[in-house]
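Both of the next two complexes hold chain A, though its partner changes from chain B to chain C.
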Partner chain A sequence: MRKYFTDQLIPTVYALMALAFLYTPIIVLMVMGFNESRYNTLPFSFSLEWYSALAKNEVLINAAINSFVLALITALICVVLATMFVLGMKTLSRSMEGLFRSLIMMPMSIPWLILALSMLLFIRFLDLDKNMFFVVAGHVVISLPYAMLSLQARIQALDPALEEMSASLGASALSTFRRITVPALAPAIVAGGFLAFMISFDNFAISYFLIPAGTSTLPIEIQSSIKFGFTPEINAISTVIIGVSLLCLAIVGLIMGSSIENMIGGKKK
Partner chain B sequence: MKKKKKLLTFPSIIVLTVFAILPLIIMLVYSFQSDSGSSGVTLENYTNFFLKSVYLKLTYRTIINSLAVTIISLIISYPLAYFMAKKFKGLKNIVMILILIPFFTNQLVRVYSWLIFLQDGGVLNSFLQSVGLIEGSLGILFTQGAVVIGLVHAFFPYMVITIYLALERVDNSLLEASSSLGASKVRTFFQVVLPLSMPGVVTGIMIVFVPCLGTFVEPRILGGVNGTVIGTVIEDQFFEIYGWNFGAAIAFVLFAMVIISMTGLSRIGRRYDNE
Partner chain C sequence: MANIKLENLTKRFGENTVVDRVNIEIPNGTLVSILGPSGCGKTTLLRMIAGFETPDEGSIFFDQDSVVNVPANKRNIGMVFQSYALFPHMTVEENVAYGLQQRKLSKEEIDARVKQVIDTVHMKEFQKRKPKQLSGGQQQRVALARALAISPRLLLLDECLSALDKKLRVEMQTELRKILEESKVTTFFVTHDQEEAMTLSDFIVVMNKGIIEQMGTPLEVYEKPKNKFVASFLGKANFFQSEDGTSFAVRPEKIHLSAEEQAGARQEGVITFITYSGNITSYTIECDGEAVLCEKQNVQIRENLKKGQKVFLRWDKDSEIELADE
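Right after this comes the complex of A and B.
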């Protein structure tokens, strides 16, 4: 009986409490998106009013499209950069490899506020106007470490003998790359791209400081609505974002479950 | 061939150098220039910061807030990670997935969700009123408390993962050995499990404390006028006051705090790793 308490009941209740803390506000937000009240208050009466308002809200929809395109471009650049890096990484000397890797991982540990400001000052130093080029550059800098994590985990698990075998069987360097290396890395490329996409899509700090006037992304729109008065349309768009993210996460998870697990270290030995 | 392959690493390095290192250097240069327009190198931004009690108080508050977030996160995360690693069997993966999912929800969406949840007259308010715990309004939004809640919510899942990974590596046979040698469960925990999981705890502290120092979104939205911290002061310098050079200097003070806490913590972490 006592063992049941310490091994089952207490841990389960504790986990449920932690999960309740994690999910309650998000669930409330979703539910209130279907509530008639303009101020996100009870009582609850079902209404699709905010969703139909959202469908007509061009500002929010454009911002969402901007965020999507920005994240897509960022993810593509990050995946290309990260793949090239991990392929070349093995030829570097040990100390060089360490130095390069810590340089690439650096944006994970510096507050993005600082990176955003320094880029803003950089633009001013160059005497340029804010432009999308620097927004993309900033997004690449902060998303690259995540794409890199995914690819590094995979390439370390890749058996170099495979490439050697392919070469010794007479395959050209190009066809070894195309037939062996790329397929072996593919799951990590997709997972890394997905991570980079999410980091960029979510990012507020970099976009907020660097985006040219007149353009906006979804996080920026949400922030300015919070500042200048919001309606549950924000709940509606949030619910849509969460839904789409979960769908993507589920798809990516199903296809490359194991490589995501490798990445967070679950199976590292 | 080898030379050519080495070239593949360069694009990433060039991007980081041009768009991260170079801007930081330029920011450092700006921080030694005056906002009043006079040219030449000056320390006035830094002396302004360190001699005005307002800024020292804000620095202190930023550190205290980040510590509070870290400690509360630790209290939530350690038991949860322990239960996941040592008690749950089938449940483990489900809990892990549920902990990971919020990583993929937008930061601003989460802040916004706390804003409407905690607001006076909001859902939590109505709930507490109906069960008779409070009368009138909740009054928690726009306080430091609300900021801490929002930040714990944003960061504690990272800590659960780092601690879980460390605990997972603790060999169960060690626990059996300890108990068969007569140690109580409590003693086994404090003398075997806890020390072995310390690298994960230290990484977890780093992954929560350091980003907390630089937040400005949660303090601004959930703390309102009471939420001022270093991050929001820096934001104001750039968006409201246009004291860019002073802003650059404060950003470097923040940067220094980040570097100091990271080196300190990783030194502590290494000590546990060697044991």
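Right after this comes the complex of A and C.
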């Protein structure tokens, strides 16, 4: 009895508490989006009022579109760069490779706020105006490490004999890259792109510091609407974002879990 | 298909000379086994021929053309690695078609050739499968089919049978021999299994520590090994010193045993160990503190020799193999 208590019950209660701590705020946020009350207060009475308000809120919608496009561009650039880097790094000597990798991974360990600030100061220093190009560049810097992480694991598992075999069968370097290397890396490319997308979509600090006046992203817009009075429209848009994220995650999981994993001959099943 | 000539081929990794001035010339259509212990440079030699490693010295000729500066994808060499390296995201058919697609053939030509090669290796019913849905033996066939499909000038097989279990390996040896004889392609076959080398090849090249110890037909290499290494690596051998200090070897099956003293007996000793293995019985005999191995064909069912018994050993002068070294 006592053993049951210490070995199973306590860890289970701990785990449940941790989960509750993680998910209760999110659930409350989602539920309150469907509540009539303007001030997130009880009693709960179901309403889609905030969703219809959201549908008419052009500021929020435009910000969401901006964020989406920004994240998409960031993800595409990250995926291409990360693929090029991991392939290029194979040809470097071991110590050079380590140095190169640390340089790319560094932004993961520097607070985004500091990164954003240094970029802003740099733009000032060059006496340039803020523009979308810098925002994209900033987002790429912080998202690239995540795309790299996913690709590196994959490339280390890639059998070099496959590329040699392709060459011996007459394939050019380009053809080998297209028909052997890319398909083998495909799941990691998709996963890396998705990660980079999430990091960028979510980012507040870099966008806030670097974005030109008059443009905004969803995190910036949410932050400023909190300042000027919080309406459940924010709950509504947050719920939409969560829904879309879960959907993306499910889709990627589905692709990676079966077909891509299958396509490249993973070990599962 | 081509005459292949390796001239003073040398490869170093740092201080380590892995392949040391190798000279081999083989005529069109020959099957050559490269036999040697692990780490002696067999794979490195093949990789130089295939174009994956650049030799530090020496040349490789296909007919009259030196290919040292030709990149791997222009050498037209079929290769089967020990790991097979099948493309995991492609079906059997697609794997076999891959090399043909690089050659800009028409779809009809490719389909016809793929069908033909897949039939040769008896993989028709599996052609829509992915490699991981195949057994080891089936994967091996696909790898071979993929290499043969491009009608290579030269086929390089690197221990491609050693991952298979004994029974399947023997089956595949026979089948491989048949396929290779039909396709008449010049082949280098790397193995560290001496039996496999004997079964499959026209010539055997015995390598050790990067150099060629001996090269010849299986019969030559087995019956007339040049030195102790070759004699003991290829088959079993007993080593003796003659009165003049030179050493010679005698194969276990060439030694006659008898319980009675007989004319011409060369040694006498006591049986210390008997192993019965169906077709043959092996006797270990202690002669002057040296263990001598002797093998008898079990022509009749008879157990006349017992452990602990004193026996006399005899062999023909012809059976003595003079050894060059030591």
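Simple rule for what comes next: the second predicted complex is superposed on the first by the 248 of 269 C-alpha atoms of A that agree within 3 Å, B and C clash if a C-alpha of one lies under 4 Å from a C-alpha of the other, contacts with A are read in each partner's own complex, and residues count from 1 in each chain.
Operating definition for what follows: a contact is a pair of C-beta atoms (placed from the backbone, for glycine too) under 8 Å apart; a residue touches a chain by one contact, two chains touch by 3 or more.
Predicted, not measured: the structure shown is a model, and the values here were computed from it.
Enquirer: What is the contact status of A:Ala184 with respect to chain B (first) and chain C (second): first, second, both, or neither?
Expert: second
Enquirer: Check the residue A:Ser175 against both partner chains and state whether it touches chain B (first), chain C (second), both, or neither.
Expert: In the superposition, A:Ser175 touches chain C alone.
Enquirer: State whether A:Ala161 touches chain B only (first), chain C only (second), both chains, or neither.
Expert: Once the two structures are laid over each other on A, A:Ala161 reaches chain C alone.
Enquirer: Mind working out whether A:Phe209 is in touch with chain B, chain C, both or neither, as first, second, both or neither?
Expert: First partner only.
Enquirer: Applying the touch criterion given at the start, work out whether A:Ala15 contacts chain B, chain C, both or neither, answering first, second, both or neither.
Expert: After superposing on A, A:Ala15 lies in contact with chain B but is clear of chain C.
Enquirer: Jot down the residues of chain A that show up as touching in both complexes, chain B in one and chain C in the other.
Expert: 173, 264-265.
Enquirer: Name, in rising order, each residue of chain C that touches chain A in their complex.
Expert: Residue positions touching the partner: 50-52, 71-79, 81, 83, 85, 87-89, 98-99, 102-103, 130-132, 146, 150.
Enquirer: Using the touch definition up top, name the residues of chain A that touch chain B in the complex.
Expert: 7-8, 11-12, 14-15, 18-19, 21-26, 28-29, 32, 39-42, 81-82, 84-85, 87-92, 100, 103-104, 106-107, 109-115, 117-122, 124-125, 134, 137-138, 140-141, 144, 148, 173, 198, 201-202, 204-205, 209, 218-219, 222-223, 226, 230, 234-235, 238, 241-242, 245-246, 248-249, 264-266
Enquirer: For the complex, which residues does chain A have touching chain C?
Expert: 159, 161-162, 164-173, 175, 179-180, 183-184, 262-265
Enquirer: Show me the residue ranges of chain B that touch chain A in the complex, using the header's touch definition.
Expert: 1-2, 5-13, 15-24, 26-27, 30, 76, 79-80, 83-84, 87-88, 91, 95, 98-99, 101-117, 119, 121-123, 126, 153, 157, 161, 165, 168, 210-211, 213-217, 221, 231, 234-235, 238, 244, 247-248, 251, 254-255, 258, 262
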